[in-house]
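Both complexes below contain subunit A, partnered by subunit B and then by subunit C.
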Partner chain A sequence: MRKKQKVKGIKMEKLKDEIASIFKEIKVNIAQDTKLIISAKKEQVLNLLRFLKDKGYNHLALISCVDWIEEKEFELVYILGSYLEKGGKGHIILKTRIHRKKPKFKTIIPIFENAEPYEREIHELFGVDFEGHPRLTHLFLERDYKIPPFRKDFDTREYVKEVFEKIPFVEDKK
Partner chain B sequence: MDRTNIKKWLKTPDKMSQKYSLWAVYFCTGCGIIEIPPVITSRWDAERFGVIPVATPRQANLFLITGYVSLKTLKAIIRTYELMPDPKYTVGFGSCPINGGMYWDSYNTIKHLDKYIPVDGWIAGCMPRPEAIFIAVTHLWTMIDKEMATGYKRYKENYEYYRHNQERLFGKLEWPPLYPINEEKTEGEGN
Partner chain C sequence: MKTERELELYFGPQHIGMVGNFSITLKVEGDRIIEASANPGYLHRGFEKLMEYRTWIQNFPMVCRINVIEPDSMEMVYAMAVEKLAKIEVPERANYIRTIVLELARLTSHLFGCWAYANMLGFDTVAQWAMYHRDLLLDLFEELTGARVYHIYIWPGGVRRDIPKGFKDRVLNTLHTIGSCIPDYDNTFFNNRLFYKRAKNIGKISKDEAKKLGATGQILRAAGIKYDIRKVEPYAVYDKVNFEIPTREDGDAYSRVWVIRDEMIQSVHIIMQCFEKMPQGEVYNRVPNPFKWKIPKGETYVRVESSRGELGLYLVSNGEDKPYRVHFRTPSYPHGLIILEKLLKNASIADVGNIMISLYVVAPEIDR
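Presenting the complex of A and B:
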């Protein structure tokens, strides 16, 4: 059994009330005592991140992307942690939705510098453009894909049939 | 040295010395590389079979491909293979290089390694036990004896086709061809 530890630093309830009072039209939930889940509009994200960084959440752990194909939206998920005492032991999950058709979002490199590879990765695998990013080039992949491969409408089996299966064995060519 | 083999040694010293001293490239791909450190160190001790890993492909003649091959890795594998001096032997380790394995419908993992470089033998399984490597090595000995491990010769003979297959995946490769290519022989159907 895990012992319940006394959480130093900022309390989640307090932070939740504070965010709800400053930012309008925002959904804040507390999950498992130390997790704060915020769903915000895309215009609020940069301000929210700045606010949370000032509050002690100075570590961007991950940016990920979810493809909600039926709702025609991408969901960007920012996960923040803290190395400072005033940030406490919790972490914050910040979600925002952007359009799927021409996915665009602003880069958060001015706030968290280590967002650079994450944004490149999302650009490569989901096709989201981050405005203001210094170099949106390939990070892992060697080939160009018509549809970015992590989107739900990318058919991997068809792609394998078209590209890998069509290459002949050398013994057959002779 | 086995005294009963002394005739063989005197007859074909090149073959015998090749087969009892295989130098493996320490090239890490995929999950199979986890099996290699115990194989080369005291637990299984591959040196009993004459297999020692070396740092650079210039000194090696055995190439173990130990797991799934992504496109980026394939590029490195081709370069490494071309750097190795003749005679060289390739062994695919695990089920992924054979036909894709569990990555059979992946967008970025190649399915058949022998379309791009020649492979002398396969070790099936996911994962194969370290003992399987020794079975493969002893098989390779008999193959060298019977002159069946001719991957490097096949590569030289059919280099146009191999290079063509490689370029279908990568576009134009940034290094020059290893062997001269007769342009008329290949059909112009690039991708």
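Presenting the complex of A and C:
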């Protein structure tokens, strides 16, 4: 068991050094258990994703978005795994920050085709525009919101009071 | 180009061939589908947002409701993420019990899947058997956890309580009852000529396409790729038990259902080994007072192999008593949205239910 883990560690370390040497001004950490956490600038993300895909991390597991409201930034998180049977174990978390005001980012569909529904979801729930995305239409919600509902300044309870408490009871209508 | 013969057809959310509350808008010409667009959202309850308003422990009853059919792996993935952020150790015995619970849950889920698929094809007898056998397993869950469907049994730091006396015998007894029916299942369903004719070459997906579209679980394994999180990134005690990953080559509905059947047998092997190897000891490491429990700053992504594929959770803590951001990566999400749309192209209307159920999609998992 112990031997196996050692091999994994070296592999991740190699990849870490390689990334650090190719991409300038980048933060790379190895977290516990075969996980690589990369914080990149937004201009580097597309190239990094292409680079990692060539290295064998060819499975885009998830795109997530975190609203850091105090820092006035959104954080886009790309999580990559690998379909390789041997080696390439563990996964990579790639993070980048974009401005909260008029948030915009490039779509990654040309690199990972399955990014389409994830980007659509983030567009709907956080209001991030993905340039080049073929259909940024509603996915889950049926109406438009003033503030996209998964942002931190959207108060669920306030919204319920505002919208649903105005609707009169059926008995009152008569 | 829109021709005069083109027609728009709404399939679901209320349709016999539909699994749960989900709908597909089809563009058809004759009975050929030109274009399909999945239309989820009928079960969007905003769980991920609601979880930001509740404490770490209060979220447990909500987590299991994301996947109605197999709630245990949802609990497992959330418990694992919390443990990782709070750096809590899990006792060895609890890990074994967790594995047993997860595999029992996989069995219930797969039997439910067999029910759905057999029912859709008109094999009513087989469907009733599968439902009956699933119910026997739910009885075991009731004894162990006090609940039949939403167990809330796996907990940060272990499991809620130890297994009761004589539980092992009852589990093995039930598994024996189900296992003795495998020849009957095979004769009436899996080796049936009708099933072969109805499912062969339906919803076919190639190796490369499955990889490109982010498939996991049965869809990937039926296309010939041996990929299982239990082997790639072992959790609980999956690195201590022997089991195989069943695969097929064709990537059609027929192969997917056969992979499900073979996986059930592997699950039984895992459960038997766990009972054999299980040590004595504690099953629960105490966590701090749940009402004042603050988890240090950090983020993590954990993943488990649920009965449908890779189930992941991206969890961010702000150092508060509530999560800052929760995002589930559910296996049905790519399967039900992007892969379904692709497979439905050029299929016939009669095959929509067939393809959809063979993809093993659970609607509440997509919407969350």
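FYI, the second predicted complex is superposed on the first by the 160 of 174 C-alpha atoms of A that agree within 3 Å, B and C clash if a C-alpha of one lies under 4 Å from a C-alpha of the other, contacts with A are read in each partner's own complex, and residues count from 1 in each chain.
Here is the rule we use: a residue touches a chain if its C-beta (ideal position, glycine included) is under 8 Å from a C-beta of that chain, and two chains touch if they have at least 3 such contacts.
Owing to the predicted nature of the structure, the values given are computational and were not obtained by experimental measurement.
Asks: Scan A:165 for contacts with subunit B and subunit C and give back first, second, both or neither.
Replies: first
Asks: Thinking of the overlay built on chain A, is A:81 touched by subunit B (first), by subunit C (second), by both, or by neither?
Replies: Only subunit C is touched by A:81; subunit B is not.
Asks: Which partner, once the models are overlaid, touches more of subunit A's residues, subunit C or subunit B?
Replies: Looking at subunit A, the partner in contact with more of its residues is C.
Asks: Once chain A of both complexes is superposed, is A:91 in touch with subunit B (first), subunit C (second), both, or neither?
Replies: Second partner only.
Asks: Taking the superposition on A as described, I'd like to know which of subunit B and subunit C A:156 touches: first, second, both or neither.
Replies: A:156 contacts both subunit B and subunit C.
Asks: Of the two partner chains, subunit B (first) and subunit C (second), which one does A:141 touch, if any: first, second, both, or neither?
Replies: So A:141 meets both subunit B and subunit C here.
Asks: I'd like to know which partner A:62 touches here: subunit B for first, subunit C for second, both or neither.
Replies: second
Asks: Do any residues of subunit A touch both subunit B and subunit C, and if so, which are they?
Replies: On subunit A, the residues that contact subunit B in one structure and subunit C in the other are 140-142, 149, 156.
Asks: Within their complex, state which residues of subunit A touch subunit B.
Replies: Residues of subunit A touching subunit B: 140-143, 145, 149, 154, 156-157, 159-160, 163-165, 167-170, 173-174.
Asks: Help me check something: in the complex, which residues belonging to subunit B touch subunit A?
Replies: Touching subunit A from subunit B are residues 71-72, 75, 104-108, 110-112, 114-115, 118, 154, 158, 161-162, 165, 168-170, 191.
Asks: Residue numbers of subunit C touching subunit A in their complex, please.
Replies: Touch list, subunit C to subunit A: 40-41, 44, 46, 48-50, 53, 84, 211-214, 220, 225-227, 232-233, 239, 299-301, 303, 310, 312, 314, 316, 324-325, 327, 329, 333-334, 337-338, 367.
Asks: Contact residues on subunit A for subunit C in the complex?
Replies: Touch list, subunit A to subunit C: 1, 31-35, 58-62, 64, 66-67, 77, 79, 81, 83, 85, 89-91, 93, 112-114, 116-117, 138-142, 149-150, 156.
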